[in-house]
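Heads up, the next two complexes both have chain A, just with different partners, chain B and then chain C.
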Partner chain A sequence: MSMTKRDWQSITLSAVLLAVAACLPLTGDAYMLSIGITIAMYAVLATSWALFSGPTHYISLATAAFFGLGTYTTAIGIENGLNYWATLPIAAILGAVLAALVGLATLRLSGVYFVIFTLGLAELVRQVVTWGQNVSGQKGLYVLTDITEVHIYWQLLVLGGIVYLTGWAIGRSRLGFALRIIGDDEEVARHSGINTSRAKILLFMVSGATAAVVGSMLAPRYIYIEPALAFTPMLSFLVVIMALLGGTGRLWGPLVGVIPFTLLWEAISASFPNQTTLLLGLSFLVIVYLLPRGFVGLIESGKRKLREREAFA
Partner chain B sequence: MTTGATVLSLRGATKRFGGLVAVNDMDFDVAEHEVLGLIGPNGSGKSTTLNLISGALKPTEGTISLRGTPISHLSAADIARRGIARTFQLVRLLPSMTVLENVRAGAVFGHRRRWGAEADAHALRMLALVGLDRRANAHVGELTYIDTKRVELARVLASEPKVLLLDEWLAGLNPTELEEGIALIKRLRDEGRTIILVEHVMDAIRSLCDRCVVMSTGTKIAEGTPEEVLSDPEVIRAYLGDDDA
Partner chain C sequence: MDILITGLLLGGTYALIAMGLNLQYGMARIMNLANGEFLVAGGFAAFWFYTAGQLSPLLTIFIVAPLAFLLNWLVYVVMLRPLVKRAKSHGQLEVDAILTTFGLAFVSVGIMLALFGGDYFSYSYLARPITLIGDTYALNRVTAAVAAVVICGGLWLWLNRTRAGMSIRAIAVDPKSARLVGIDVPKLSALAFALGGAVTAVGGALISTFLTLDASTGVLFTLKALVIVIMGGVGDVRGTIAAALLLGILETFVATLIDPGLTLAAAYLLFVLILLFRPQGLFGRRTT
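What follows is the complex of A and B.
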């Protein structure tokens, strides 16, 4: 299918926004840069999460497992003399392999089992890594590189650009169409000749590989990593909440949720550091009850009302 | 209608749900270009038989073959790709999509796979065939009942199946719609398609089917031309028994 004028418009707009975002470090404000990294990180995680969960409606709570896998891949790689850049593709491959294994084991099951399994998986991986570290006698790992915060920020922006292009390409492909059909009616999808497991696993692999690379990119920021940090379940929940707040029906949806929620979350964690879990649960309830389709749903029903009003005017 | 080589055959096909034998040792063949009626009272196992053929369910015992190759171990998706396509007793459409997109699903992933402009053109041809090309861009939520059935049929046809399974496609239509519906299936029949038709409407069975297989409580009780089976005392008893209940 050829590119329409609208496609070019969205690509140009995205490129301009990305270029503007890339200028943030020029402000020289360390606090802004730190928030920028957090926003970029969640934007990439939530967007790639929604690539899979948006059309399939499967809620994955395994983001932390992939993220931690990437973080540890980079830490262990560097400790063993690998170049930092070489650890990124390794993390991507490991993330994709883990996603494929989880997918093969669970995607035949119904949604509820999938949620529980992914949460359990993240916890299992964390326990295994903790055990491995206890055996080796270390509590954590040092990640010493000459990569600065600015580099991390730019790397995340590039990865974000790649995720957007991938999502856009999938949306125009047979795979993207297959996923929309699966999301609408899996029985129809199967009877139309779609290998539903394969389609879902492929998307889950894209999502898992991306989260692993994000983990790799963030490793140098932490300097010292421990399982409790790299595999924190809070990360999985935050990604789900932000993606749902934005809405998973559009590629740009999660981003619209990530920016306000990250800022809000920064304020909350600073003011109520001991109540974060409670507030996380509350935000989840509020979003699910008040904005079931996220900001995307709100914007689209607003647009529809406007059109209807114009039609009657 | 001249009939040719055997396309589909069931041998000892059986499906048990716990203690209930929904389909019991079914044997029958469908020849190329043939319209086979699968009839019987409610709950006699007609839909379950179609489910076994389309791969929605795996047979507990027995084999189903397409042109001599066993398919009963394959997934529904693989069976669809080999050329068996079906409609559902309760219409199943893709609710978030337009009429054209629904039909394109068949064109893109079915037995013969198309993409892009070619898939759209083919989907439009199928919509024209079922008389719905003017509604191509409508949302499926806006359609009347018979039009939802037309969309489902067009989706199935778009995959260019070798065998078409229609599960009570005419059920629930009003008299005018029924006439249109029968005419539509007649056209498919005249194109030489191979069809298994699960039906209750007697007029449709008489005018559309070359041959009928009659089921009662999971078992085949008669097989022959519509006139033969509909005058068979055992068939009449099965139907009347059902009505008495």
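What follows is the complex of A and C.
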């Protein structure tokens, strides 16, 4: 594929930003690093979520299921003598397989079925894991590695870079084009010979595999893992809110939502821990009624107004 | 046999909740994911009236129903109607409705947490044994199931025998054509939505007599109701009741014989089978 000057510009800019972000641990501030990890984690999750849900408008609430799957893969793998690095690709494969199964069952049908199914998926996996632990008499798992917070942070940044490159490549490929048509009108897409189910499932697999790897990377941070922690449904909702708040129309959109929302969320959780659910609800309402296209929409309509004003001047 | 009857009793109450959701999703065309929160609110009301005023939950439902009706009507008119008007396509409305009702669900949970705290709440009402066909059951479960059957029966008669009910069913079949034959679709959609909310809240009041609820259990009931509605076929009253009974039996079966923690997993298994083999619902016909 041919690259225009603009492409090179945006790639260079992204690389520079990534390099700047990678310098954060040099400040030596443990609190900053901890926030940095949270932001990097949500940035990767929200961006990969938007890769699938942005063009197709299918709202996936399965992030927590994939995330937990990854966490457990790493925990069980390490317990059975596997190297930490070997568990990451295994988590990716398992995540992709789970996504394919869910996709095969639901993505051929209308969006509502998909939402409902993914809504319960994390809970379903959690119940099964809990049951498995009850049967085997085991409560939780310890993940003991020599991986530090800084390593986790850098790993997430690398994964973020990969997700951006993948998203950019998909956007330019036939698959990305097909998805945009599906999002516009699925009927039209089918009539123009696009295998709509296959396209949707493929992209959902990318998104699922990414979330599973993020779960794997975060496992050493938790040290002790139990189902209620690994499969927390809150994670799925936060990812949806952050991605939509930023806007799914652009690859960089979710990031614009992740940074302010993570900071807000941390602040509210610290001072009013009982009001987080309320905040979550209000955020959904704000998105629907005030920011239907997210911050991206806001920025772009602002730009357009500016241009019009210049044109008249 | 024991399992079968306990399952049927549970299924009877599920039928009521699912009927509420079906009125909202099948007839008013709004996927209401805050449905379970209205159920919990109904349960809270029953709990409060019973502990504060010794008022029987069977009487509380006459207070809960009109309140929930009014509240849901307001939700529809104030929050959802603008979305219906703004939506360019059905898909867009669906996404907006899902996000809005999610928001509503979390806001309700937040408010209930602030008002009542995060504790489980339960009270002892009619916790006496009763003997049916040789086995003993809790009287409150039997009472709740009987009340649910009466209300479902009433709803069924209303939907099939009255003008308003038939108009609502017409909307469920085809909202565009319904307008052509002079049905006031916006007004009746609001009515169906409000009625659905009232039915669900009543179901919550009945369920609270034998199940322990807390502020954040709503979503589990929403999920179960959704599975039932889809299994029974959207907008299909008969299918909803059959599916609810089936789910009640399956859940009781799994809880008694395997593990009580796996009830949702059981519901999901059923859901997947339906999606794979009969996505149009138990009695539904395949549409193009």
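One rule holds in what follows: the second predicted complex is superposed on the first by the 312 of 313 C-alpha atoms of A that agree within 3 Å, B and C clash if a C-alpha of one lies under 4 Å from a C-alpha of the other, contacts with A are read in each partner's own complex, and residues count from 1 in each chain.
Here is the rule we use: a residue touches a chain if its C-beta (ideal position, glycine included) is under 8 Å from a C-beta of that chain, and two chains touch if they have at least 3 such contacts.
Only a predicted model underlies this, so the values are computations on that prediction, with no experimental measurement involved.
Novice: Once the shared chain is lined up, is A:M234 touching chain B (first), chain C (second), both, or neither of them?
Specialist: Neither partner.
Novice: Identify the partner contact of A:I59: answer first if only chain B is touched, second if only chain C is, both if each is, neither if none is.
Specialist: second
Novice: Should A:L144 be classified as contacting the first partner (chain B), the second (chain C), both, or neither?
Specialist: It touches nothing on chain B or chain C.
Novice: Between chain B and chain C, which one contacts more residues of chain A in the superposed model?
Specialist: Here the partner covering more residues of chain A is C.
Novice: Where does A:I116 make contact in the superposed view: on chain B (first), on chain C (second), on both, or on neither?
Specialist: Only chain C is touched by A:I116; chain B is not.
Novice: Which holds for A:E187: it touches chain B only (first), chain C only (second), both, or neither?
Specialist: Touch status of A:E187: first partner only.
Novice: Who does A:L282 touch here: chain B (first), chain C (second), both, or neither?
Specialist: Only chain C; A:L282 stays clear of chain B.
Novice: Going by the contact rule at the top, pick out the chain B residues touching chain A in the complex.
Specialist: 54-56, 75-78, 80-81, 85-86, 88, 92-97, 104-106, 108-111, 113, 115-117, 155, 159
Novice: For the complex, which residues does chain C have touching chain A?
Specialist: For chain C paired with chain A, touching residues are 31, 33, 82-83, 91-92, 94-96, 98-100, 102-111, 113-114, 216, 219-220, 223, 226-227, 230, 259, 261-262, 264-265, 267-268, 271-272, 275-276, 279.
Novice: Can you check the complex and tell me which residues of chain A touch chain C?
Specialist: Touching chain C: residues 57, 59, 105-106, 109-113, 115-117, 119-120, 123-124, 127-128, 130-131, 134, 233, 237, 244, 274-275, 277-285, 287-289, 292 of chain A.
Novice: Which residues of chain A touch chain B in the complex?
Specialist: Counting only chain A, the residues touching chain B are 1, 174, 177-178, 180-181, 183-185, 187-196.
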